[in-house]
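One chain, subunit A, links the two complexes that follow: it is found with subunit B in the first and with subunit C in the second.
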Partner chain A sequence: MRSRLLPPEFSGRLHDARTATSIGRWLGLAFAVCFLTGLISHVLQHPPGWLDGDLPSRPTWGYRLTQGLHVASGIAAVPLLPAKLWTVYPRLFSWPAVRSVRHALERLSVAVLVAAAVLEVATGLMNTAQWYPWPFPFVPVHYALAWLVAGSVLLHIAVKAPEIRAHWSRRSPGTLALPEEDGPDRRSLLAAVTAAVGAVTVTTVGQSFTPLKGFTLLAPRHPDHGPNGLPVNRTAAAAGVGLIASDRYRLTVVGPRACALTLDELRGLPQYEAELPIACVEGWSKSAHWTGVRVVDLLDLAGAPRHARVRVVSLQTRGDYRISEMGHEYARDPLTLLALRLNGEELTPDHGYPVRLIAPNRPGVLQTKWVGRLEVLS
Partner chain B sequence: MSRFLRWYGANPLHLLVLVCSFAITGYACARLFAQRPVEVVIWLVGAAIVHDLILMPLYSLADLSARSVLRHRAQDMPTPAWINHLRVPAFLSGVLLLVWFPLIFRLSGPYQGATGLTDAVYIGRWLAITAVLFGLSALILAFKLGRIRRQARDDEERPPASAGKSA
Partner chain C sequence: MRTGVTRWLTGAAGLVLAGVGAYRLLGVDDLTGVLIWLGGAVVLHDVLIAPLVLLIGSVLVRGGVRGPVRGALLVGGALTAVALPVLLRPGKPANPSVLPLDYPRNWLVTLVAVAVVSALVPVVRRIGRSRRR
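Let's turn to the complex of A and B:
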């Protein structure tokens, strides 16, 4: 007698190519946006040597937009991915398991795609909540998985192109060959998946798209919650700096004409204002009003050559991103400040009192807080 | 060519694209396994197993049992298609939980130190959203039921003229 479990039989409806195509299109779009914006974020944070000096410091809102899209599209993929996998689930048990070499290779590539996509979305999501249950470093694994997903998605689309074409619209030949009575159920399923994408987006996207901040119920940050009316990532306590005494503070500038400036001397230099967003790699962002000394003025004071790179060193004792570097595009941008004031008030310790870096189009983790030293590199 | 087709199952272009993709995959894997390869493999395979062999069968089973249990309770009254009134709020609430369970269950160790905020608010918010979703769904179903009952009563009170003729 033939076993009912191996291979299992699926009597449910909608495990068909039209449903898979409809959901797959949106999932493909979400993955494409997520991959490209992720690539931008990776290059800005870990620039390859050949690009190092040429990363653009404009537009000022660039990273805010791309990283907001990165996290929003990744979160939108969370309902889409299980819906897509549910649609094609019976194929996991297709029998015989391997029909030809081609079939074996295709199944292998689908296995890679499914495993990599699930882990990629999961790791990205958990990083936004700062929960790290895995034993490997997040950034290199998330980045490598992205290439794994991108490669296997491209292959998947190439292999499935005839089926996708046959089921692209409601009037495509493949769609018309499917049972007509499934139509209303399919529309209900797609409506529910759309509603789920809407639900996760609406409760979250206000963390960067501030007009929707009133609906920010489940996102890790609310744009208005934080010291100086701005969220933070890593408080002074977590960074091990506490309150830095203003009379003991010195900013050291290391260069051809090295110098050390007290806080009062910094306040005595020409002050500039800039409206710049703080945009976190975790997806939240908000624009703020900064006042401080231009980095380019300090570089001129230290006699830095025009194309010099600059290293910014924090006084923090704990945590990653204690040191950041920037090319001349950023260092010489007139909007790049060592800020002393935020939204009309002195910086709070959590925002980097007494002095922090703020530059346009730059990931938040590189906007070094509690700056103690600027080093002019060759 | 025909021997190749028979042996491989598709034309050579298919094989070329496939080999190209596996080369990219290999490149990605070289990066992927540069650190802690065993742990990465465990998590990669684990992700597929957790989804395909645990989560997916679990929610299918939940759907099947909900339908078989509630079918018997609902026999004595005229009902519209009701299963989606259960599925939709459960799906939406479940997806929100899937996305934010590390915050809702306060699993993130560094969260408070990093943000200066508390993550104690999330479980209440998620429960409130869940209540609103199920409540709205119940209201809509109640409205539909009311309409069906009214229609049934109206039909009884004045039987259509055609019914008399055919009887």
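Let's turn to the complex of A and C:
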């Protein structure tokens, strides 16, 4: 059965457990950060019933940090995952291919891990460039694969625990049993992997970590590109709203004391300022200066009960995120505004002219633009 | 004995989480499409990318400068992989703030930087060594 090509021989070195452990723990850390920050993003967008009213609106930069970390650690995984797979690649050809039921299950779990991890990282990265060549919906599949990856990583760690422990440090017994002359070469490989992680991070992270925006060469967004000095996802044209005529605009507030306000009436209410980021689910973010009416003031005007949820409805005619809801923590946060101005200027149509929602610690897709109606829910 | 328990608990937790994932996957639209892409990801990696990387490594990464050469290939390859979506995404972006940069140029800039730094590493090392002598 053994042909001359299979199993192939690997003359290269460093396909050993010490190298796999060293790279694997960094990859594990990146995946752990991805999974936890991803769960936060999921919960903020699809809160389970029992959490609904209690999601915190602080810290103001919370989602900016977690989703920025999500995409940054995901990008760090782009060199780490292939490097890890490179070290263990010869094991793909281990012979006999299956030695026992246990061995078969182990190999199956590794196959699931590799398939899910490679697809998760590849599609996640492509999603940030808004490129969707696959036939399935991105978010539900990314979410399901996240659990599959997290679970099979844990299983993998449990299965490999003795080997991981034996190679954890330079002085561990398994490491010491490896050929000593490989040490410098291994350190040089690990340095190269570290440099690769550093390089992909520095050239992309400026899309959310603005102090490094000067190095933003390969990120799909740049903090300086966009109307009012702020990037945009859905434009007014794409949302089917165009330029809303200011004299025809009304904000309807539905509640115990329903009312409708013109744009001038909104401008006549006390105006507040807030420094809050737009933090996109796609990972980019930028802080901006907003001026407008506090949502809590409008709720008081409408006689809303203290614990009421609020639904924010856009005038847009197209797009997935026409309606957003928020619990009382968000609605009553004094920084939550219906903004009329951005960075000292009137909102541009693409940023939601005449009125948009801006609230702290919230994904950009929930910062509803072209707001036409506030509904007080019971 | 305690580590044995931890190990079993970790494995069990892994099975539960993976089970949640598998169960969720069964509920998504176009499961067949997902399975094809999952299989495709493994095949693409195991049959194409990994052998290619090993081949390039066995041809180019040799001798006294193997460290810097491997470093240059690895860092350049990682930058290229991260740049692939922004370089290759077909069609017009949704608006001018999406993919606003000159990515082919930027990608080349990063590769040139990698080449320069990698070429300097052995030189700097040699100078350092001769100073110490």
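Keep in mind that, in the parts below, the second predicted complex is superposed on the first by the 376 of 378 C-alpha atoms of A that agree within 3 Å, B and C clash if a C-alpha of one lies under 4 Å from a C-alpha of the other, contacts with A are read in each partner's own complex, and residues count from 1 in each chain.
Here, a contact is a pair of C-beta atoms (placed from the backbone, for glycine too) under 8 Å apart; a residue touches a chain by one contact, two chains touch by 3 or more.
Keep in mind that this is a model prediction, so the values were computed, not measured.
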| item | value |
| --- | --- |
| Clash or fit (per the criteria above) of subunit B with subunit C on subunit A | clash |
| Which superposed partner A:D16 touches (first subunit B, second subunit C, both, neither) | neither |
| A:R102 touches, of subunit B and subunit C: first, second, both or neither? | first |
| Which superposed partner A:A161 touches (first subunit B, second subunit C, both, neither) | second |
| Which superposed partner A:A144 touches (first subunit B, second subunit C, both, neither) | both |
| Which superposed partner A:E329 touches (first subunit B, second subunit C, both, neither) | neither |
| Contacts of A:E375 with subunit B and subunit C, given as first, second, both or neither | neither |
| Contact residues of subunit A, present in both the subunit B and the subunit C interface | 75, 78-79, 82, 85-86, 89, 92, 111-112, 114-116, 118-119, 122, 125-126, 129-131, 134-137, 140-141, 143-145, 147-148, 150-152, 154-155, 158-159, 188, 192, 195-196, 199-200, 203-204, 217-218, 220-221, 225-227, 231-235, 238, 350 |
| Contact footprint of subunit B on subunit A as seen in their complex | 75, 78-79, 82, 85-86, 89, 92, 99-103, 105-106, 109, 111-112, 114-116, 118-119, 122, 125-126, 129-131, 133-137, 140-141, 143-145, 147-148, 150-152, 154-155, 158-159, 188, 192, 195-196, 199-200, 203-204, 217-218, 220-221, 225-227, 231-235, 237-238, 350 |
| Residue ranges of subunit B in contact with subunit A within the complex | 7-10, 14-15, 17-18, 21-22, 24-25, 27-29, 31-32, 34-36, 39-40, 43-45, 47-48, 50-52, 55-56, 84, 87-88, 91-92, 95-96, 98-100, 102-104, 107-111, 113-117, 122, 125-126, 129 |
| Subunit A contact footprint on subunit C (complex, rising order) | 3, 7-8, 10-11, 13-22, 24-25, 27-31, 33-34, 37-39, 41-42, 44-46, 49-50, 53-54, 57-58, 66-67, 70-71, 74-75, 77-79, 81-83, 85-86, 88-90, 93-101, 103, 106-107, 109-110, 114 |
| Footprint of subunit C on subunit A - complex, ascending | 10-12, 75, 78-79, 82-83, 85-86, 89, 92, 111-112, 114-116, 118-119, 122-123, 125-126, 128-131, 134-137, 140-141, 143-159, 161, 185, 188-189, 191-193, 195-197, 199-200, 203-204, 216-222, 225-227, 231-235, 238, 350 |
